[in-house]
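Sending over a structure as C-alpha cells; questions will come in a sec.
Every chain is named by a letter (A, B, C, D, E and F) in the order it is written, and numbering of its residues begins at 1.
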Amino acid sequence: MSGPRIFVLNANTTASITDLIARTARASARPGTKIVSATAPFGPNYIQSRAEAAIAAHGVLTGLAQAKRPIDAAVIACFGEPGLFAARELFDFPVVGMAEAAMLTACQLGRRFAILTAGARWPAMLDDLIDDYGLRDRHAGTLALPVSGLQASRNRAAAVTALVRLARRAEAELGADVIILGGAGLAGLAPQLRTRCPLPVVDGLAAAIAQAEVLAHLAPSKARVGQFAKPSALGFVGIDPALAKAFARYKQR
Amino acid sequence: MSGPRIFVLNANTTASITDLIARTARASARPGTKIVSATAPFGPNYIQSRAEAAIAAHGVLTGLAQAKRPIDAAVIACFGEPGLFAARELFDFPVVGMAEAAMLTACQLGRRFAILTAGARWPAMLDDLIDDYGLRDRHAGTLALPVSGLQASRNRAAAVTALVRLARRAEAELGADVIILGGAGLAGLAPQLRTRCPLPVVDGLAAAIAQAEVLAHLAPSKARVGQFAKPSALGFVGIDPALAKAFARYKQR
Amino acid sequence: MSGPRIFVLNANTTASITDLIARTARASARPGTKIVSATAPFGPNYIQSRAEAAIAAHGVLTGLAQAKRPIDAAVIACFGEPGLFAARELFDFPVVGMAEAAMLTACQLGRRFAILTAGARWPAMLDDLIDDYGLRDRHAGTLALPVSGLQASRNRAAAVTALVRLARRAEAELGADVIILGGAGLAGLAPQLRTRCPLPVVDGLAAAIAQAEVLAHLAPSKARVGQFAKPSALGFVGIDPALAKAFARYKQR
Amino acid sequence: MSGPRIFVLNANTTASITDLIARTARASARPGTKIVSATAPFGPNYIQSRAEAAIAAHGVLTGLAQAKRPIDAAVIACFGEPGLFAARELFDFPVVGMAEAAMLTACQLGRRFAILTAGARWPAMLDDLIDDYGLRDRHAGTLALPVSGLQASRNRAAAVTALVRLARRAEAELGADVIILGGAGLAGLAPQLRTRCPLPVVDGLAAAIAQAEVLAHLAPSKARVGQFAKPSALGFVGIDPALAKAFARYKQR
Amino acid sequence: MSGPRIFVLNANTTASITDLIARTARASARPGTKIVSATAPFGPNYIQSRAEAAIAAHGVLTGLAQAKRPIDAAVIACFGEPGLFAARELFDFPVVGMAEAAMLTACQLGRRFAILTAGARWPAMLDDLIDDYGLRDRHAGTLALPVSGLQASRNRAAAVTALVRLARRAEAELGADVIILGGAGLAGLAPQLRTRCPLPVVDGLAAAIAQAEVLAHLAPSKARVGQFAKPSALGFVGIDPALAKAFARYKQR
Amino acid sequence: MSGPRIFVLNANTTASITDLIARTARASARPGTKIVSATAPFGPNYIQSRAEAAIAAHGVLTGLAQAKRPIDAAVIACFGEPGLFAARELFDFPVVGMAEAAMLTACQLGRRFAILTAGARWPAMLDDLIDDYGLRDRHAGTLALPVSGLQASRNRAAAVTALVRLARRAEAELGADVIILGGAGLAGLAPQLRTRCPLPVVDGLAAAIAQAEVLAHLAPSKARVGQFAKPSALGFVGIDPALAKAFARYKQR
C-alpha cells in the first residue's frame, strides 16, 4: 500500500536540525508514510524571538512554494509554526503546525496541558499562539530550558535531565494533566522523558506527523470561498518567483 | 501489519444506528485498523436532550467497562460524547469524542467552524460542550435540521438536500471557514455533502476514527497522578459490577 | 401558614450523609418550610471523581423522578450537583444545586469567592462547574482538605481546624472576599468556621435551602418552549420506569 | 414570628415611583418581612443615562447612610443599582441590587436570560453591569421599550402589550431561556407578562426582595479584612454628615 | 502658535495634590499647551475606596460642569478616573482618564503592563477598571505601596525607593514588559523611577496630558446619536445647577 | 522649536500609496513634526491577505532596519501593521501601528468602535489583530468595501459615498459609538466622512501620527530585560545585512 507524502519544512536554516527532524519524523510516522524534508531557503539559523519568527514566516511560505509536488500534507517543523495560517490560505494541501498539533492532541488526553520547551522568550511567544488558537483555558503554563533549542540538541543528556525536572514542576505547580514537549531542537527526546514522567507526554513532532497523516487521509477539499480560499494578488516586488506564482492572479472588478 | 483495535460505542440504544456507525467507521478507517462496535447497554434510544445525555453518560461508562479487551482506543459515537471526561479518567485506553475530534480536526483547516447536525436542542447542548473544550472562539455557530438524527438516518436524500442548504447559510451568514457534519444518524452523509459545498467538510465520525488511530499510534501513557489518574471509590449501590470494578480500591488514610 | 415542601436529594448513596444533610437543612430552613430528604437510589457511596459524578447524575434524575409529589423546589445535595441542568430540563419544579446556590449567594457579598471543600479532585471538578456557570471571574480559587468529605464528616473537630487554616490562606493568598464552604460531608460546620474567620462565610447547604425557598416562593412557570421545556423521548432501554415516564411522549413529525 | 426589616431605597427622586416600588415590594415579600422604603435624598428624577447613574450612586450612599437602623438588608431599587459595590463596602448590612438579584435568580432557571426594560440607553448600561458581574455568558440580550420607565409607569396597559412582544423576540431571536423584567417603573407588571409568556419570568423587584430576605436570613458577617471591610477616610468636603460618619476614621501609619 | 487648553481636574479635594498635579502636568505638556487646573468642588480628601470613588464621580461631573470654557480636552486627575464614562456622555469636549491613558499608551510599548500605585485597595479597584476597559489580557498585575498616595506625596524619597523595589517584582514575578506609575500622589516621581528600572515606565499623568493633547488635536466631533450623545434628563433634586444645566432638556414623546 | 522625526513606512510596495500616506501624514502632524516616508523594500504591491501580510512583515522589518537614523518614532502605514510586535522587540525607537493606534484612540471616545476598511478579507484579518491586542470587547464589528484599498484610492468620490453608507450601518446595526476609518488606500478620506457621520470618526493614519508624536514626546526607554529587550540571534541565511545587524550578537552560555 502506498501511503501519503508528507513534506516537513524546518523553519530554521540550520541543516543539522533538519536532519534531526527528518530522522525523528520517520521514526514516528506510520509504515507507508513518506517523509520528505527541507530547510527553509532563508531566515534565522534558529528562531528564538518574535523578530526571527516574522522573518521565518516569509521563509516558510517560500519553502512551501518551492517544494516539489505532490504534497499530501505539510508540517512546519518549528514549535511556533511561523506563517501557519498564511500557508493554509495560500496552499492547496493541508498544513500542520507542531505546537498546534501537539496542543490539539493533548486536549484529547486531559483538561490542561503544560508545555516544556527551550529558550527564554518562547513562553511569551507561545502565549500569543495559544490565544490565537483559542486554547488559553486548556493551557496550564509553559516552562522553558534557559538555553536555546539548538544548544539543547547538542547536549541531549543534560536536556533530558532538566526536562524531567520541569515536568515535575508542571504537574506539582501548574496542575497540568498532560505534558507537551516542543521545539525542533528537542525532537527525539520524548521517549526518554516519557519513562520518567507520571503524566502522558505528547511530543510536538510526533503529534504533527500524526495529524498530518490524519489530514492527508481525510483529504479535505481546499476552500473555494471565504478567507481561506487561495488569495489573489496584485503583484510583488522582490520575492521568490515560486512564491509569487502561488497566489491567484488578481482580477480587476 | 496488524493495526489498532478501535472500540466504537454507540451511546444510543438503537441497534440500527450502531450498524450504520460501524459500517461508516470501517469505510473511513485505515487499512489494518480493526473496528469493534457495540450498543450502549441501557439508556435512551436516541439522545436529543440534556436529560437523555445525562442518562447516556452512565450507559457509556458501563458499556466501556463491559467491553472486551484489549482496546487501543475507544470512540464514543454520539455527537455530544456523554461521559467523555469521566471515561478518560476511568479507563486506561484513550477515549475519543466525535464532536471534540471533529472540532480539533477542523481547527487545523481554518479559523472558525460551523456545525451542522440534527435535532432542535443540539445547538444549545453543543454550546456547552464547546465552552467546556475552550473552543468558543473557533465556533462560528451550529445549524440543525429540525428532525432528530434518527429520522434523518431514515430519509437520507432529504437530509442531504437540507444539509447543503445549511452549509450555504453557515458560509454566508455565519462566516464559517470549515463545515463539521455531526450526529450519529448523519454518519455516512459527508461524501455527498462534500461535493456540493465550497468549504472543507469534516465528518464527525471519520474525524473520531482518525483521531482514535492517532492516539492508538502515539500510545500515551495513562496519568498516574492528578485528576486523570484512575479514581478510587468507596463503593457503589446498584451499578453494573464491571463498572464498579473499573475503579481503583479506596485506601483509607 | 403553610410553607413550601423542599425535596433534598443526597446524590451519594450513604444514608448517614443523608441524615446529616436533612438535620442541617432543617436547622437552616425558615419556619414553615418542610424538608423532605432522600438518598440517591443507586450510584457511588460518596462522589469523589468525574466518573462517580457521571454515574450519580443518572441516580439523581432517577431519585427526582421517584420522589413523591408535590415538590415546590428540589435541592441536589452534593457540592457538584450532578445532573443539575438535565433535572431543570426534565422536571416541572425548580431544582437548586448546592455549589451554584452558594456561588450566586456569595456574588452578592463581594467580588470574588474562595471555595473550601474536601477531596483532592474537587478543585478541578469545580473549575468545570464554575466555567459552566460563567462565574470564573468571580472565583478566587478552591482549597480542599486532602481527605474525602465522608471522612471529614466523621472527624468534625479536625475538619474545622483545617478549614480555618484554609480560610486564612484563601484570604491572604487568593485575595478572596467571601468564603464558601461546600461538600455534603461538611454540612453543619459553617457556624464554627464563621466565628473564626474575618470574611463572610456562605454555607453551601444553607444557601441551597434559602435559594430553594426563593424559587418556591417566586414559583416561576416551567418553560413551555426552548431548551428547558420538558423533552420528549423516543424510548429507553433498561432505565427506571418512573424516570422514563418523566419525559414527554415523542411525536413523530 | 418577627421577620426581617428590609430597607428599599428608590435611587430616583420621584416619590410616585417610591410608592409604586413599596407597594409592589410588600406584595411580593413573605409574611413577616417589614418593607421600609425611602426616596434618594438628591439626584435625578429618573435615571436614564450613565451621567445620572453616577450622580445617583452618591445619592444612594447618602440615603443608605441616613436610613434609620436596624436594617437587616437593603435593596437599591433601580435596575442599574448605582453604588452597589460601594454600598457593600461601606455598610454593615447586606445590600441587594435589582438587576443583580434578578440575574442570579434567573441563572437558576436556565442557561441564558434576556432582559426586558425601558429606556434606549439601558441595554448598553446593563452590558457594563453584566460584565462587572461576570455574567456575560449567561446574557442572551436586552430589549428595551423606547420610552422611559417613568412613562411606562403611567401607561401600564400599553407597556404590558409592548413587553409581551419583546418577550417573544427574546425567545425567538435571542434564544433566551428565561425572561427578566427590570426597571423601577415596570414594577408590578410581571404577573401580567407571566401569563402571556411561554418562558419563566423573573421580576427584578420580587427577586431583589427575595434575595434580601435570603441575606437577612443567612446574616453573613461583615468582612473585617480586605476590600469589603469598612473603609477609613481621611476626610471630606461638602458631603452629608451621615455619609461621612459611615466611614471608619483614618489611622495614620 | 496657540496650543490647546487642557482642563485638569483633581478628583480629590486636597489642594496640595492639585498643586502637585498642575506643576507636574505643566512640566510634561508640550510647548503651547495651556494647563488649567481645579480641585473637585466636594468629596473625599483623597480617594482610597470604592465608596469614596462613587462620591467623587459626582464631584467630578460637577467640577467639569462648573469649569470655565473653552476646554479642548479634560483630564480626570485621579488614577481611577471616577465618572469617566459618564463625563464622556455628558460633555462636548474629550475627557481623558489617567489610568486609561496610561494603559493605552503602555499597550503600544509591550504585551503586558504592571501598575505601581499607592493604597491597599487600589489593586482590586483597578481590576474593575481594567475589566471595564477590556484590557485584562494586557495586565500583568498591580503592586501597591501600603500607604495612601497622599502620604507618599509627603515622603517622596521613601516612595521612590519602595517603587523601585516594586518595579523589580513586577518584572521578575509578574513578567511585565512595561511599568505604569499611577496615582495623583505619585505625580512627578516617574523620572526618578525611570533611571532605576530596566523596563519602559509610563507615567499616568504624563500619559494623560499627552493623550488629552492628541484628542484636542484630532478634535473628534461629539456623538449626536447613540449612548454617548448628550443625555436628556427629566429633572433633578438637590444637585448643582451647573451640572443640571449640562444635560439636554427632556422631550416627552 | 524642533519637533520629532517620525518615520512612516508603507508596508506595501506601491509608491503612489506611499505618496498619499506621506501627504496625509504631513497634513495631520503637528507643526514641527518631521515626517519621513519610505516604501517597503520588497513584498506585495498592496496587502489583501494573510499570506501577503506575512511576507510584508519581513519587508517592514527590513525597511525599518534600512531607514536612516535618528528616528524618534516609526509608523507602520498599513492597517494591519505587519510585524508590529517583532519591530517593537528589535528596534530602539517606538513603533506605532495604524490599526492599534486608531483603536486605542477610539477607546477614549466611547465603549465600542466599528472599523470601516476596504477589501473582503480584512474583517477576518483584523479580528485576529483585535484579539491579539485584547480589544475584542471594544469592537462592534468591521465593515469593508468590496474593492481593495488600492482601487478605493483611485476612485475617492465613490469610496466616500460607500463609506458613509457603511458608517450608518455601523451605528444602526452594530451599535458602534465610534467609527474608525482604516486602510492605507483610504488615507485622507476621513474629513469628508466626518461631516456626514453623526458619530466621532477616528482616522487610522491621523491617529497613528498622533500616537507616534506621543511616544516620541514621552521617549520611553527601550526594555533592557524581558521579551521586548533587543533579541540576540545565532545568525541568518539570505536576509538583508542591515536587518541582520539590527539583532544583538548571540552570546554562548
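Observations on the model:
Keep in mind that, in the parts below, a contact is a pair of C-beta atoms (placed from the backbone, for glycine too) under 8 Å apart; a residue touches a chain by one contact, two chains touch by 3 or more.
Computed from a prediction, not measured in an experiment: that's the story for all the values here.
When the contact pairs of C-D are set against those of E-F, A-E or A-C, over half line up by residue number only for E-F. A centroid comparison over C-alpha atoms places C as the chain most distant from subunit F. Rounded to whole angstrom, the centroid-to-centroid distance between subunit B and subunit C, based on C-alpha atoms, equals 29 Å.
The mean-CA centres of subunit C and subunit F are about 52 angstrom from one another, to the nearest whole unit.
Contact of a single residue of subunit E with at least two other chains is seen at positions 85, 111, 124, 128, 131, 137, 175, 227. Residue ranges on subunit E touching subunit C, taken from their complex, read 124, 127-128, 131.
Of all residues in subunit E, only 1, 30-31, 85, 88, 94, 96, 100-101, 104-105, 107-111, 133-138, 171, 175-178, 194, 198-203, 206-207, 210-211, 213-215, 217-218, 220-228 touch subunit F in the complex they form.
Listing the residues of subunit A that touch subunit C in their complex gives 111, 137, 175.
The residues of subunit E lying in touch with subunit D in their complex are 13, 40-46, 48-55, 57-58, 61, 82-83, 85-87, 89-90, 121, 124-125, 128, 131-132, 146-148, 150-151, 227, 231-239, 243, 246-247, 252-253.
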